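Residue numbering begins at 1 within each chain, and the chains themselves are lettered A, B, C and D in the order written.
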Amino acid sequence: MSEKIKAGVIGATGYAGLELCRLLLMHPQAELVAISSKSFEGMELSEVYPALYRETEERLCDSDEVIAKSEVVFGSVPHGLSEEYARKCVDKGAVFIDMGADFRLSDPADYKEWYGGEYKDAELHSRSTYALPEFFKENYKACDVFGNPGCYPTSVALGIGPALEAGLVEKKLVIDSKSGATGAGRGLSQNTHFAELNEGFAPYKVAAHRHTPEIEETLTRLAGERVSVTFVPHLLPINRGIVSTIYADLADGVTEAQVRAAYEARYEKARFVRLLPEGKIANLKYVKHSNYCDVSLHFDRRCGKLIVVSAIDNMVKGAAGQAIQNMNLKFGLAEDAGLALIPPAF
Amino acid sequence: MSEKIKAGVIGATGYAGLELCRLLLMHPQAELVAISSKSFEGMELSEVYPALYRETEERLCDSDEVIAKSEVVFGSVPHGLSEEYARKCVDKGAVFIDMGADFRLSDPADYKEWYGGEYKDAELHSRSTYALPEFFKENYKACDVFGNPGCYPTSVALGIGPALEAGLVEKKLVIDSKSGATGAGRGLSQNTHFAELNEGFAPYKVAAHRHTPEIEETLTRLAGERVSVTFVPHLLPINRGIVSTIYADLADGVTEAQVRAAYEARYEKARFVRLLPEGKIANLKYVKHSNYCDVSLHFDRRCGKLIVVSAIDNMVKGAAGQAIQNMNLKFGLAEDAGLALIPPAF
Amino acid sequence: MSEKIKAGVIGATGYAGLELCRLLLMHPQAELVAISSKSFEGMELSEVYPALYRETEERLCDSDEVIAKSEVVFGSVPHGLSEEYARKCVDKGAVFIDMGADFRLSDPADYKEWYGGEYKDAELHSRSTYALPEFFKENYKACDVFGNPGCYPTSVALGIGPALEAGLVEKKLVIDSKSGATGAGRGLSQNTHFAELNEGFAPYKVAAHRHTPEIEETLTRLAGERVSVTFVPHLLPINRGIVSTIYADLADGVTEAQVRAAYEARYEKARFVRLLPEGKIANLKYVKHSNYCDVSLHFDRRCGKLIVVSAIDNMVKGAAGQAIQNMNLKFGLAEDAGLALIPPAF
Amino acid sequence: MSEKIKAGVIGATGYAGLELCRLLLMHPQAELVAISSKSFEGMELSEVYPALYRETEERLCDSDEVIAKSEVVFGSVPHGLSEEYARKCVDKGAVFIDMGADFRLSDPADYKEWYGGEYKDAELHSRSTYALPEFFKENYKACDVFGNPGCYPTSVALGIGPALEAGLVEKKLVIDSKSGATGAGRGLSQNTHFAELNEGFAPYKVAAHRHTPEIEETLTRLAGERVSVTFVPHLLPINRGIVSTIYADLADGVTEAQVRAAYEARYEKARFVRLLPEGKIANLKYVKHSNYCDVSLHFDRRCGKLIVVSAIDNMVKGAAGQAIQNMNLKFGLAEDAGLALIPPAF
């Protein structure tokens, strides 16, 4: 048997970082060799998350130690910090998979507009790829910096991508997304204080969420022409999962059968996309704790619309699971190594 | 002091019926004189709902007794049954307020298409009104049969009505609504079994919900021309409340200020609609257990869209509260008699 | 009609303070004349809690202004601060109702041991009363400082008090209580971060909660001899409500009928305690948003135990509602003025 | 590599049955060869539970087919049905693991009193064992019928067992348990209707739950003398997990150090029991979706009590996981084969 891949996580105590650790600890062909955290340096991970008690004795160290020990480094840190880590990784020959936004947008102007920062290391960006494996894995071999997609963009691209690729819908979309509270992260806020979120529901950052340019860039790339989206995210009083309800005008003369055929062709070999049979509706419940994206297709004949519902677990396919899927593909493992997780039904 | 209005409820043990009873029991100018239930006839209401223990000693009787004792009868029964009750009421000079769908659609063809039944008593319909008081109360004096609006149509009409009335938006809308579980009623189903709905989220009846024709008829009436909607409801794992996120294309040249001004004018005197200040977002949490509809306005400048978020408590403004508001108006009471309920913040 | 009582709230933006404001705003014989908050001074209450939008235009001022304007002042502040406010109130002839712990314990040594502070103003304590109205209202006329009971002690004393008063049970109790998250207050913490509390459940401060001495003092007073309790609170992933499950050994020869008779006699005239019929079980659901305490009696014949289940809304009967009940009694209003709230069933 | 164990599930569409299927499908050394269901015979499992879409193509067949194909059969059916299935299994040389109550009680009189039935096949019971592996696995080799423990008894025995075995506590216990809604099963009821359970909390079957005799028998066996318990279960508005809070009087002269030492010794080699360090409290959140039982020890010095908190996932360690643990031990696999599940922290 070949040796295990040495994997490290920078920012291991955020929610995405923790889920990465958990999945890597259960991965048969990877080994979690080092983890870091600014806030909890020196502590054991299980002191921060008692769920991991006795599962690992790794102590949280600093990022340099993570980079020194790892062949692949996952960076789960706020935007603006990843170029430095990525540079150190590629200089020592390691792969860097960024969970944040620093390698997702190809246009520095978009990054500046939505995130307020600059790309400083252009060479790094030239060797990076937007790592949505169902659509863009042809670049994986050549690249060693991976921009792991955002949770909303993943749900949207997997939902409407095939229709855009095949030219079956118009290029102005309405996207109404709903996310569980882990998407808001571990940081405390009044909005995510239990008594205030529980039994509440509302949109936030209406038509102003930072994932908007990432969604538009990805969909434009898939469509081969400019796609614009009205994107409204909502916060669900549950822990995990995203449902995106995507509204598109069918192009002239397009039939329902054509749409379904395009999706079937596109996802025939996709290990982690489940195109649901006619009559079924995607539900985040049925993908939770798995790396699946469920997609269901619906038609409003009265209005000539295609309505796509996509559901993912924001922490898995929307973050840690997809990052490991990317690692698997980059390192030549089975795409689902460590990810053959059957979602619980309740 | 004048005597209290004698009110009765047919179908008192469904969720809307129960909420009616509760609000009527606390109403200073109405008296709950009789209640009926097919399923629980002969029992006390508090045997079905222990929350009402010692609040009332009314026993559930049959519908004829309710009609005999009441000046106003609320019918909270499945569609298809209300014409009979309404006829008995008007024949004895009582007012009938229908919580179901039997007096909401003006076109019998729509009723037949979406509900599968026939209007049998045309005279009744000629003396009935669609009872959304913020827009249509001019007919209340003449009519004695009231079609209390559906929960989704209430949230939608209050949300987008002013923009349509003022001709500020195009006539094709996308409406993405999310409702708490009480909307699905008291009847048991796998979908609303706790372990299956909890921590789950999905749309249902995608572009096929029976409230669609009611929404379109109401919006068309407000716009003065044909409005068509793509309407997708979702089921939230919470008890109460509806958020509707409504997407409309701004008509050519319309400014944000014009839109806001139209809403301000329209709702200046509306006791139960709160137009939120700029920068605030409607949240169902903040209207729960009250008769309010909160409305917030948002603009996607990049795409030329108006996005309206409206939030109601589906059991109050979406059902029992609005019915009592209608009773108050019909009987000349203060519009908010028994409805001056301040929503709890948690 | 007589004039309304002028009421003020110090600490109006905490959860108990806010619930006080809400209930006072709906109270027919009281007027909320001033509110204060250290953290939000100068803002309108509805800026902190959008649920109150348009309900009041009161701005948050400082505590002196509250005291100056009010006949009754509710102090909803951390322990250690209330003596000062109480002194100012009584000096100007106003009543002070303390929502915190500063006037609950009669023995300064208990206060020092569990809260770490000193009683500085002995005269104040001599004119104060522990304000559990179902048991101790005989002192209300003479006193002008009221120590509003804690939420857990309220649920426990109303649950087991009659059995202790009548000498029907032994004096060593096990009390297993479960509280909703509003009991932990508005302050942010990892424990009450949505994603961490939701779908979680555990005890906290096992046998070490500060309400323990208050429970023991109250029960001892009712029993007429020393009562000791093992008290374990748990945090429920819901917003409101406390259920206390209380285990007591029946005294020798005591029958179930004797126990039930004692409770019936004790609560015959209690407006806000509902002794449930045999076979029913108290559920916090059925008292939420009301001032009720539901009590159910159960017997483990195999082990000779009385098991009492009591349920309250921790924000109402466990805090703001009880405080208003105390105000009503002190000012000679009907005990349920402003508190005739029927709990919603869902 | 050796061949996989052929496993079948009778009653695969109940919650415990489904969780068994899910865990077996992910088990590296077992193969799910057949599943049955009375209610859904002929359907694919994923038609009943969309979470399993594309995970298995097994159709639900009848119980005879399951028995014919399997080396080990899990029976997840209502009590009273398992003797027949067990007999068929042992006659063909297969192992039968009963998820229900038919092989848990050694005394037929207890079974009759609490379940209302008779043991008909005494020989079967003579070859059966109560299958709580942490305490009783010495019988596994000889037996081929396994009575998988109930969820509450598992949480209680693992919680207080070591103290009773070592004679450190008195023999009258108070056990206050709280369970998630999956414990109530897939069957619909008003109690588990979403809008009624959500935001509610109460005990049920107070001192009258059928798990009582199983708890007492198991604890008596561990203590070597008669143990009696007052057992009150509560229903939590969450999906999964049980917390049992167990109150015991320390025996004369017993120290905290002795208690801790006894637990440490007892669980030193227990793969699935995590004795938490001093100062930590067991929380069902931290064991969810895993086979762990977390146990924390607390002392009420004022009252001389040991308070044990134990937490399990009722569907895993309380049902399907423990059953697979039993299969692993019976078939000589690693105890944690297919069960090395790290609980998610959120």
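Criterion: contacts are C-beta pairs under 8 Å (C-beta built on N, C-alpha and C of every residue); 3 or more make two chains touch, one makes a residue touch a chain.
Treat the numbers as computed from the prediction; the structure is a model and nothing was measured.
For subunit A, the chain with the farthest CA centroid is C. More inter-chain C-beta contacts link the pair A-D than the other of A-D and B-D. Separating the CA-averaged centres of subunit C and subunit D is a span of 39 Å. In this assembly, the C-alpha centroid of subunit B lies 47 Å from the C-alpha centroid of subunit D.
Centre-to-centre, using mean CA coordinates, subunit A is 36 Å away from subunit D. Counting partners per residue, subunit A has 15, 182, 195, 199, 237-240, 283, 285, 345-346 as the residues that reach two or more other chains.
Listed in rising order, the residues of subunit A touching subunit C in the complex are 15, 180-182, 184, 186, 188-190, 192-195, 197-199, 237-239. Residues 172, 174, 176, 178, 195-196, 199-204, 206-207, 228-230, 232, 234, 236-241, 243, 245, 247, 281-285, 288, 298-300, 302-303, 305, 307, 309, 311, 345-346 of subunit C touch subunit D in their complex. Those residues of subunit C whose C-beta lies close enough to touch subunit B in the complex are 15, 18-19, 22, 25-26, 49-55, 182, 199, 239-240, 274, 276, 280, 283, 285-287, 289, 294, 315, 340-346.
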